[in-house]
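Shared chain: chain A. Partners: chain B in the first complex, chain C in the second.
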Partner chain A sequence: MISANLFHTFKWIKINLFSSKLNTILTLISLLFIFYFLTTLLSFVFFSAEWKVIDTNLRLLLIGPFPENEEWRIWASVYWITALSGFSFAHYGSISRKILLYSFLSIFLLMLLIEPMSNVNLFILSILSIIFFIVGYLFHSIIKIKSIYKNKMVLIGWAITLPLVVLFLKIFGGVETTKWGGYFLNIMLAWTGIIFGFIFGLLLAIGRASSLVVIKYSCTVYIEVIRAAPLVAWLFFAYLVIPDLLPDIFANKVDIALRVVIVLSGFTAAYIAEIIRGGLQSVHFGQIEAAKALGMNAYQSTSLIILPQAIRAVIPALVSQFIALWKDTTLLLAAGLAFRELLGSGKAALSQLEFIGKYSEVYLFVALLFWIVSFSMSRFSLNFEKKLGLNKGD
Partner chain B sequence: MIKDFFFRTNKRKNNSIQGLYLFFLVIFLFYLFIKISDLDLDFKFLTNESGFALSNQWLTNYNPTDTRIVAYLTGVFNTVRLVVVGIFLASIIGFIVGIARLSNNWLVSNIATAYVEIIRNVPLLLQIIFWWSFALSLPRISEYINFANLVFISNRGIAFPKIIISQLSFFIFIALIILLFFIPSVKNTISSKMNVDFSYLRILFFGYVPLLLVTICILFLVNAVNIDQPSISVSDTNVIRYANGFVVTTEFIAILLGLVLYTASFIAEIVRGAIQSLPKGQNEAALALGLTDYQALSLIVLPQALRIIIPPVTNQYLNLTKNSSLAVVIGYSDLFLISGIIMNKAGHAIPMFVLIILTYQLMSFVIALIMNYFNKKVALVGNQ
Partner chain C sequence: MTQEKKVIIHAKNVKKHFGDFEALKGISMDVREGEVVVILGPSGSGKSTFIRTINQLEKHDAGLIVVDGTELNDDIKNLETIRSNVGMVFQQFNLFPHLSVLKNIALAPQKVRGLSVDDAEAIARPLLERVGIPEQADKFPTQLSGGQQQRVAIARALAMQPKIMLFDEPTSALDPEMIKEVLDVMKELAASGMTMIVVTHEMGFAREAADKFYFFDEGLLVEEGTPDHFFTSPKEDRTKLFLSQIL
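Up next is the complex of A and B:
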């Protein structure tokens, strides 16, 4: 038995690594490269790196200048989201246990990285979030209602999440947006940007495809002008020019965070509109004629026939645009805004006297936090595509 | 087709919707017009003295007493230089990684996958700042690293030997490059007259390359081409700097590394997708005809894949152009950084923004034009 396994292993190695001279050379070079890379990385992470800089600045990196006695607002939001995730996981049971296991494992590893014993409070509060997840998971099986109602609960739950989080952050005095920061600010900006950008982009795409000349051309002009300049330039624009253009009553009163969200979603909308336009063009004309023949009016056929097919066709492109927006939340730093999002906080941490030159540690940590979200978004879209059967064609 | 359908109810309703929309649009534009007319809108401020120094420049001989237009142009040239070098390198790395992802070799394909998945999921700005910090952590210029007196490395940048070409030899080189385009016709005449089929490579290696080498040697001997070795100079006030040679500054290295590696990961995905979308039979048929792996890739697979690759890669080039504005974070004086300085010093934000948008649009237009030309060429080859 063992020898047969060994034989297969050798055969696999022969076929995949040493099938020709060129392959052998490539394998050896790759092995050397991997060895060099891994030894450098591992010896850095476990021996030469001084993680104290992360440890000390963890608060700064995660929530920025958020007041300490108001932290419950963030924890309340986190618990709501984890409980809801638990509920959704239980509802869409088809999502494999593997993913669940991996996410728990990665959270656990993250916690180890931040040395639990030095941050006992943080450790306990994080463990609580896992408990909330399990509570949400169990709650799903305890309540005895029809699956269709549970479906509605999940959808409504996620729909009200953003308003709820904003409510948590604003009720009973609240925390002004200039005090928001860190990873938390990135998440909030990307989240609102995605939602409003998608809605606005959808409207723009429909407007551009419309036969009403004025609407069509004004949408086209908007899309093309926005796409002409980089996002940094628009953020700069929001910072410098918009105060001049607003009515005098509002000038200097419009929150900078609000301005940033408007720019982020307005910018993303232009790109999303172009993506959805591609989707609209891919919908077969017969579909529209069939909808007409069934007696649907313009609104019905658009929302029930055309858009679902158009959006379904462009889900990968949409998700990569969302990922781009998520990564672009770092541009606040480039536009010189007075916000400390994650990257800005990292830079601030590096300017502390005792941590000068520890850039590898800080940027590695920051990169990991960004990477987790973008990678899981791209995996999510892949799974979603498979579920919809988009890739079966070829 | 679709557009006939949206809002296709009745004409009067359409007109009323449109009228209402137009009404609000006109009010909005009128309001904007009033607001903007309060501000200064002419471009005269660009002719004033700029009054700030720049660390990177190329093609222009800029100094702080020049006008702001010259400063802006310096920025534009800096951006163009960055974009051209960036597109060139990103395409090469992107193609290599994209092909490596489909390699039979398990290790190679997995290394390529890891590269793509790591790089494209991390913000570009973070990568640029990381490379910048890395470049700044190189030894200081007083403790520079010296490779055989040819390459100097320090945290001020990398100094290479510079090739100084006289005017005569410049034209000779141009002539040699033009000669390169005549090789196909030379090949045709030789093969038709002598009845021997020389390959391109043979003519290139045994005809063209020796010619090139001999020319360069002669030009060297008559001192028409010189190599300017880099060196380090110390001034009276103990300021150490690179004196001669071709100096690539730290900022340029950092922004270039960031842009190239980031864009290459996207190009690699495009290349992989395009090759995978071809029918497998193409490659198998090529191998069955006795072509080697390399021949099958370069003669059969890539030419077909190029047709799919070019439009999305054009998009990536445009992204690279716009992303080059991130240079502002690390102080590489590209057009956006310089516009920022001008806006800070002189105000006039709106005219400056118009200028920025037009400049980026012009660059995008040029790139799109070039890529369309390639696209047509590739499509033609496919149709023959």
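Up next is the complex of A and C:
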């Protein structure tokens, strides 16, 4: 068996990497680059880097100025999400156990790397989240109900997650949004931005395709105006202009984080609307006729036939937009808002006397955290596409 | 004997314009319950447009159309109900590519008729048997051959238990070797007593299954009669010319 496998590997290498002179040269050059890149990176990560800056500032980077004795709010949210993820993974079963095991191991190694037992509490709390994941995973096989109901549980679970997290953060006194920060703030902003941006964008796209002139042109004007200015400008707008526009009673009551979320989702919605409009155009006219001929009304044919196909056709573009929004949450820093999101926290860490000049360590860590979410989103969409039978390869 | 049955489709002087183009210049036709009607004619003669006015995929500009006792006009509120009683099979199948074969068939009974998922699928499965492809229930439309797709499309229309079936060139987009399997299903359907209006050039099917022929040209009904009449003694020159071209 092993020798047969080995043989196939050799064959693969020969066919794909060394089939011609040019191919061989390209392969060798690429290998050289990869080798150089990896050795530089790894020698930096394991030898020359001083990770103390991350270790000391981990709290700042992850949750910013969030009050220490309120941290349970975040942990409660994390546990809910990990348990639900475990349940969902067990339900969809498309993620192989091997990949899961590897991701756990890498999380574990990462944790050892950045917090060599200096913070036992954090370590235990993190381990607990993995346990919650496993609990969710096992819970799926323990409960004996129909698969459709489990399906519903997964969907409802994720649907109530955001309200639930907000509840955790706000219940029993709660923590003001100005105290939210770090990675956690990026996640919250992107998450709400994506959800509301998508819903609003969907409505805009349908509105723009409407035959009612008033609705059609309002949507078009909105999309064009929003896309005419950069996101940073709209963030300034949220910060400085909106309070002046609102009646005095509301002026100081509308939470700044809420204003930022409104701008993020409103901005994303314009782009999502255009992406979905492209999807709508790709749906063949015969589909609408077939739906009509079966006696479906306009609402049924739109929601059951047209939108599912339109959205399916534009999943890659939608996910790109979501990833763009995820990274645009750092623009809070550029807009000079009072928030300390991840990048801002990184800058703050770098301004500490002890850690001046530790750019590589801080930005590498920040980049890694951004990459984890971006990459997960892209993998998630690939999996989703495969499930829909759209994507055959990687 | 079919003459005694009641008229289920009554069309009188139906007209339709597309811009300056007059697609239908006044078509009148009565179709009785259980009748199988074949409409012939060169492309652009208005035959597709006419059957599309029967379920109002095209609104007619003038004239009268009564389907199963209900007049089709702008005031009509329950157009969906009428459409759900008139099944339609398209040239391009128009199956829903995002749904499995079974869901394609069960969707409308579930959402339009309000049946439960189980009840809707209990309707869908026997229909798949009837069109001869029960084993394809969980596949997606794109995984099927053209002939199989069109049979699914027929099953999908039948799932609404329509009183009338409209076929708009159902075999024109098919490879020759797949035409027969679709025509066989249609013949079985005709024999079961379904009222059918079929736009087709398949003369073998027409001769075997049709009760009545109508020949359209340039938006006008040129000639009507039994299949025998058409095959043995067509009156009009245009009919003769057309038949000589396709036979």
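Note that in this section the second predicted complex is superposed on the first by the 352 of 394 C-alpha atoms of A that agree within 3 Å, B and C clash if a C-alpha of one lies under 4 Å from a C-alpha of the other, contacts with A are read in each partner's own complex, and residues count from 1 in each chain.
The definition used in the following text is that a contact is a pair of C-beta atoms (placed from the backbone, for glycine too) under 8 Å apart; a residue touches a chain by one contact, two chains touch by 3 or more.
None of the values given here were measured: they were computed from a predicted structure.
When both complexes are overlaid on chain A, the residue A:S218 reaches chain B alone and has no touch with chain C.
Once the two complexes are laid over each other on the shared chain, residue contacts for A:L245 go to chain B alone; chain C is not touched. Contact with chain B, but none with chain C, is seen for A:V366 once the two complexes are overlaid on the shared chain.
In the superposition on chain A, contact is made by A:N23 with chain B only, not with chain C. In the superposition on chain A, contact is made by A:N297 with both chain B and chain C.
Judged by the touch definition given at the top, the superposed model places A:I34 against chain B, while chain C stays out of reach.
Within the superposed three-chain model, A:P308 lies in touch with chain C and out of touch with chain B [touch as defined at top]. Set against each other, chain B and chain C differ in how many residues of chain A they touch, and the higher count belongs to B.
Contacts of A:L388 after superposition on the shared chain: chain C is touched, whereas chain B is not. By the touch criterion defined above, A:L331 reaches chain B but does not reach chain C.
Counting contacts as defined above, chain A residues 292, 297 meet chain B in one complex and chain C in the other. For chain C in complex with chain A, the residues that touch the partner chain are 55, 57, 80-88, 90, 92, 94-98, 107-108, 111-112, 140, 156-157, 160. Contacts from chain B toward chain A in the complex involve residues 1-9, 14, 17-18, 21-22, 25, 32, 35-36, 39, 103-108, 111, 117-118, 121-126, 129-130, 133-134, 137, 277, 322-323, 325-326, 328-329, 336, 340, 343, 349-350, 353, 356-357, 360-361, 364. Partner chain C is touched in their complex by these residues of chain A: 284, 286-287, 289-290, 292-297, 300, 304-305, 308-309, 312, 388-389.
For chain A in complex with chain B, the touching residues are 16-17, 19, 23, 26-27, 30-31, 33-34, 206, 209-216, 218, 225, 228-233, 236-237, 240-241, 244-245, 280-281, 283, 285, 288, 292, 297-298, 301-302, 306, 323, 327-328, 330-331, 333-334, 343, 347, 357, 359, 363, 366-367, 370-371, 374-375, 378, 394.
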